[in-house]
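Take a look at the structures below.
The same chain A turns up in both complexes below, where it pairs with chain B and then with chain C.
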Partner chain A sequence: MTASRNAQEAVSHRRHLMARNTGTLLERRYAMLGVMLIAPTVVVFCAVIVYPLLSAIYLSFFSIFTPTLQGDFVGLNNYAELLSTGTFWSSLGTTLIWTVGTLSLQILFGVGMALVLHQNMWFRSLARSLILFPYFISTVVAVLVWKWLFNDLYGIMNHFLISLGIISFPMDYLGTMPNAMISVILVGAWKYFPFVVIAVLARLQTIPDQLYEAAKIDGAGPIARFFDVTLPQLRDVLVVIILLRAIWDFKEFDLIFLLTGGGPLNDTQTLPLLVYQEAFALNDMGNASAYAVMMMLIMLVFMLVYIRRTRSEEET
Partner chain B sequence: MAAVVFSNVRKEFGSFTAVHGLDLNIEEGEFVSLLGPSGCGKTTTLRMLAGLEFPNSGEIRIGDRIVNDLAPGQRDIAMVFQSYALYPHMSVAQNIAYPLKKRGVPAAEREKSVAATASLLQLTELLDRKPRQLSGGQQQRVALGRALVRDPKVFLLDEPLSNLDAKLRGYMRVELVELHRRLGRTMVYVTHDQLEAMTMSDRIAVMDGGKLQQFAPPTDVYAEPANRFVASFIGTPAMTMIDGELTEDAGAWTFNAEGLSMTVGPLSGQAKSGPACLGVRPENVSVGEGPIGAVVQVVEKTGHENIVFMQLPGGHRLTARAPAMQSWQPGEQVKVVLDASHVHIFGSGPRGDRWNRPAQSAAPSSAKATPQIIASKNTKADPKAEKAAS
Partner chain C sequence: MINGKTSAKGISRRTALKGLAASTALAATPFSIARAQSDVTLRWWSPQAAPAQVEAYQLQIANFKAATGIDVQFETTSDEGYAPQLAAAFSSGEVPDIVTHLPSFAVQSYYANGLIEPFNDVIDAIGADDYFPGANDVFRAADGNYCGTGIGNSAANMLWLRRDLMAAAGIDKAPETWDELRAAVSAMQTGGLFGAPLPYGRNSMTSLIFIGFIHQAGGQVFTPDLDVAIDNEGTRNALEFYREMREFCPPGATNYSWGESLTAFVSGATATGIYTGRVLANVNNQNPGIAEHVTCVRYPRISTDVAPWTFNDFPSVFIPAQSKNIEAAKQFGAFLFDPEGYIKQLHAAPGHVLPVLQSINNNPMYQDNDIIQRYSAEVELMAESAAGGFNLGYESAAHKSNEKAGEIIGSNVISELVQKVVINGDNADTALSDASMAIEAIVKG
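Right, the complex of A and B next:
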């Protein structure tokens, strides 16, 4: 009896071990499959993100002539120079003015338009699709049209303002300050506010009607309902929008480059334009890389806030 | 505290009429349930009273004020929503205080009222929590607290218990009745759950198809349903309905259906010969001895009683309640008797009126015409059913 019981136990023990072995084997095979599946992405990611990033950091320690890519190791000289001369700081200031200015207008127009489009209007679906138009249009096309509108000789803006009697002689929208900065900020706001509209509208549609009804019964008027129901509900989505758009606006290149090219003088020269100028106009790749790395560090702060924000949202 | 009066109130949504000329007179301090199936107009009625919908015609009064054109905040009402509608970013205390804040009550006074309401509803421990940190029952109490804190004239409750589990629902029913007794405020309660309406209300307004079907105390709605709709909607298991013919012979009425024939009455002046419907509640059907033959189809055992579903020879179905110790097998042939004094006769159609004479006036005449049950010829022999039973 005892012998047979022992034999049985031994068999069951062996089965148990086998089950565990096949389990780990299966798990290992799944892990292998996982690695194989993400491998192409990792390779592409390394080629187009990690390599350029590392080489930019590497280049920033050299003084390099762009056409030949030849130069000498200068250590942290590029950084010391950019921090001590005014170009970087004034360009950073311009970038901040542009980012804060255009972002504020985007949020203001975007939230306002989303609230309008959330109302029951008979042309709502049409308006909702039309509002996306500036966001989808190519930047080059948009800038060409705006340059035409802004033209000081034959532009419709001057024609309008003069015929309305607001100004008495044509204005130079892109050639003087602060007009150039205001124009760039306005065109930026026009181009990118639809993104805010889409995101805010999507959130507005998920706010339960009963919250508004409860607020009505509790005695809240339309303004109180906006501040006590709508805005708190929009808060999370607005934080994400502001962070994302801040990152995107901070690195905006084509719109400003095409509209003013950084002028008049260097008054609308944001950091991305400065990097471009250093690299391809002044042919100093090392210095340009140092500017680019500094820009990346500043954006890293936004990135970290964004990541922390989205992570804490997932947790709640 | 105030009475609520609906006078010929009509509400249309496009071509759909949600409420047809409603007249309803709710007395001061009364607990009234609006009961009916989905789409019957009960919620629209409540929302019109709240000011969230506006009637197309008619008049709504709260106390001595016509409120048709008043915004919800000016009507001095409070409402508890089915989804509770708590402000998610506010703490429990802020949620409860919100209606006071919007009415400009000073902070110190607000705090006092919130504390009093919280202790009444046992929410004191939870005042700093956010709604998402609360269970369904706790959220429900916060929603009640937000309604109670202001001491409004009328409380409106829109299916407030339907998101709770069965046990908590039973508990909250008792709590609400107790709260109503303590506060003595007018409460209008919308529900599709007849058990809630029956157990909590002073009066029930049964609605269907946007029309008021009956407005009466729960016992009356149960014992003397105004029409066939009310009769079949109230009561679980539902009242058995048998369509047949009503005939009159010198003031005595007989109801005939296949497999069933019985003397009924006394009936009101409305009654007329022709198609009619006989209704009988399961507790008024006795299985065992009797003149009617039936075949048992299903026996549902609830523990304290058995619900017996049977079929009459003509194909009509009949439901009976029986004590738990009595049981039958499906297919078994049984004898059945209907309690003639509790049989209802309705006019034909889904909302046919009840033709029985009201209880008070029926009492003296019932002595004269004792109802008796006559077994129909058809019930005597049904070899097929007998074979099936064996």
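Right, the complex of A and C next:
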């Protein structure tokens, strides 16, 4: 009797073990499949994000001649020098002026244009397509066009202003301050405001008409409807747009480099231009990497806010 | 299948003769290249890539391929962009096999860091005795080797004038001194016409041109032993004169580089110009109405007691040491001076890039060019000026070769000095002291 029970228990135990082993094997296979499916993404991520990032941090501890990538370990000297000299801080200030200036105008123009394009108007589809033109055009082409518009001798801007009697002598748009910074900010706003238009227009189309009807019944005029209905509805999308565009504008290089080269003096030299100058004009890749790492740390703040924001949206 | 008949139809008699001439030229070179290396493709970089120049390069490439079977791929870089592109190329090991038209000081800097192949045997293959005397001095490195050679000369700071405007303003001779220049541009500047297109931008042109002004005032940036010496009376006088000239320049000159400065004169917006001989071709092509009035002289200096100083960036040829086809690249380097292709290359921008070989300068084929014949006096003067020209890497015959010149130009220290004094109105002594310290820091590394 006892022997029979023991035998039954042993069989039951074996079955249990087999079932458990089978489950584990399946799970392992699934896990393996998961790893294999995600591996290409991880490899690409490591190659284009992790490796350059670690490489930049590593290089920032050396004094390195760019063409040979040979140099000596200097520890934190690059950072100490960077923080103690005025160049970094003045370029950071310039970067913030550029970012805040151009971003504000992008939001202003973008929201305004999205509101216009949301109305029932002739050629609305065509207008919606054309408005994207500055965003899609190559930066090099855009800058060439604007440099001709700004040209002191043949530019249409000066010609227009002189013929209107507003100025009597051609203006220098890119070679003196504050004109250079204002011009760069305006061109940046023109180039990137369509991104805001696209995002805001998409959100405007999802706002229920009932909200506007209710507001009208309550006696709200167009301005009140904008501030009490439209703007609160746009708030979430605007926060995301501002965070993304702030990150992108903060690291903008080609537009400023091609328009002013950072001049006059260093007055439009933002941090990306400073990194470029250190790396390739002065051939000091170590110092350039230190500047780049500092930029990354500053942008990390924006990224953390963005991640936190999107996470909280997902939770709600 | 290609039979003899088809082949004969595909190649003209002229092409066949060209190929024969090229093969003969190559046979004279000492490089041991096996013929018909169809698997080798050389990469050739140059910032000089106007359409007519590229067309000339393609002829040289075709002739070289006909003679050797080696193909060459031409790739464009730029005056402002070559440094980052080459830095990336050197650091990755993916270098071009041959590079042309970069300034001599860049070549010296790369050679000093072991990035360039010595060029002695190529110079020998071209014919060292055929060069104008001293033409290769600027390429002699500290170890006694040549780091490259000149593919041409350039007189980049010639003063371009218009005789019609001078006559209208009652100016009977070209200015030789700064006082005369100031008076001349003042007289010629009338409504809508500016006196001069001097660059005041934060860029390499402003630095390179202003170094000329320093020397034209009797100053220097470095001593012959390469101690920093920019803080001198000559530089102060140059800054003062450059500041005074601002009122005769277009408002946008604060952002001018080579292209804008050239266009301002060629289009007729300024009475004088400062550039190489490219002015001649551009005026004839783009504004022929003023072509008969255009002439050039050496840029004026503070007084006739100071010798003229011509800025020659010594457009170069060199071969990166990491090239996997060094022997083929050397053969191509020598082949670039084969008369047919070299003359076509020089004719692509007559007067802009001037020959470094005496045999080419005296070659009837070279002289057989409308612009060179029409402006023979100007071309002759530019050739003479360029032959005695200098740049920051080689400030005078007494100066050592300066390996830091490229970084100093790239740092914009000198153009910023100009902007501080001229645009911001900063104290010249303070600005000079700052510039001097900045250059010192670059030199020390």
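Operating definition for what follows: the second predicted complex is superposed on the first by the 290 of 316 C-alpha atoms of A that agree within 3 Å, B and C clash if a C-alpha of one lies under 4 Å from a C-alpha of the other, contacts with A are read in each partner's own complex, and residues count from 1 in each chain.
Going forward, contacts are C-beta pairs under 8 Å (C-beta built on N, C-alpha and C of every residue); 3 or more make two chains touch, one makes a residue touch a chain.
Since the structure is predicted, the reported quantities are computational estimates derived from the model, not experimental observations.
When both complexes are superposed on chain A, chain B and chain C fit side by side without a clash.
In the superposition on chain A, A:G219 makes contact with chain B only, while chain C stays out of contact range. The partner that reaches more residues of chain A, of the two candidates chain B and chain C, is C.
Of the two partner chains placed around the shared chain by superposition, neither chain B nor chain C is touched by A:G112.
After overlaying the two complexes on the shared chain, residue contacts for A:L282 are found with chain C alone; chain B is out of touch. Residue contacts after overlaying the shared chain place A:P134 against neither chain B nor chain C.
Within the superposed three-chain model, A:G71 lies out of touch with both chain B and chain C [touch as defined at top]. Legend: residue contacts after superposition of the two complexes on their common chain; A:D172 is shown touching chain C, with no touch to chain B.
Figure legend note: chain B and chain C, brought together by superposition on chain A, show a least Cα distance of 51 Å. Counting contacts as defined above, no chain A residue meets chain B in one complex and chain C in the other. Residue ranges of chain A in contact with chain C, taken from their complex: 63, 65-69, 150-154, 169-176, 260-266, 276-277, 279-283. Residues of chain A touching chain B in their complex: 208, 210-211, 213-221, 224, 228-229, 232-233, 235. Every residue of chain C that touches chain A in the complex is listed here, in rising order: 83-84, 86-87, 90-91, 110, 113-115, 200-203, 250-255, 264, 267, 269, 407, 410-412, 416, 419-420, 423-424, 442, 445. Interface residues of chain B, counted against chain A in their complex, comprise 50-52, 71-73, 77-79, 81-83, 85-89, 98-99, 102-103, 146.
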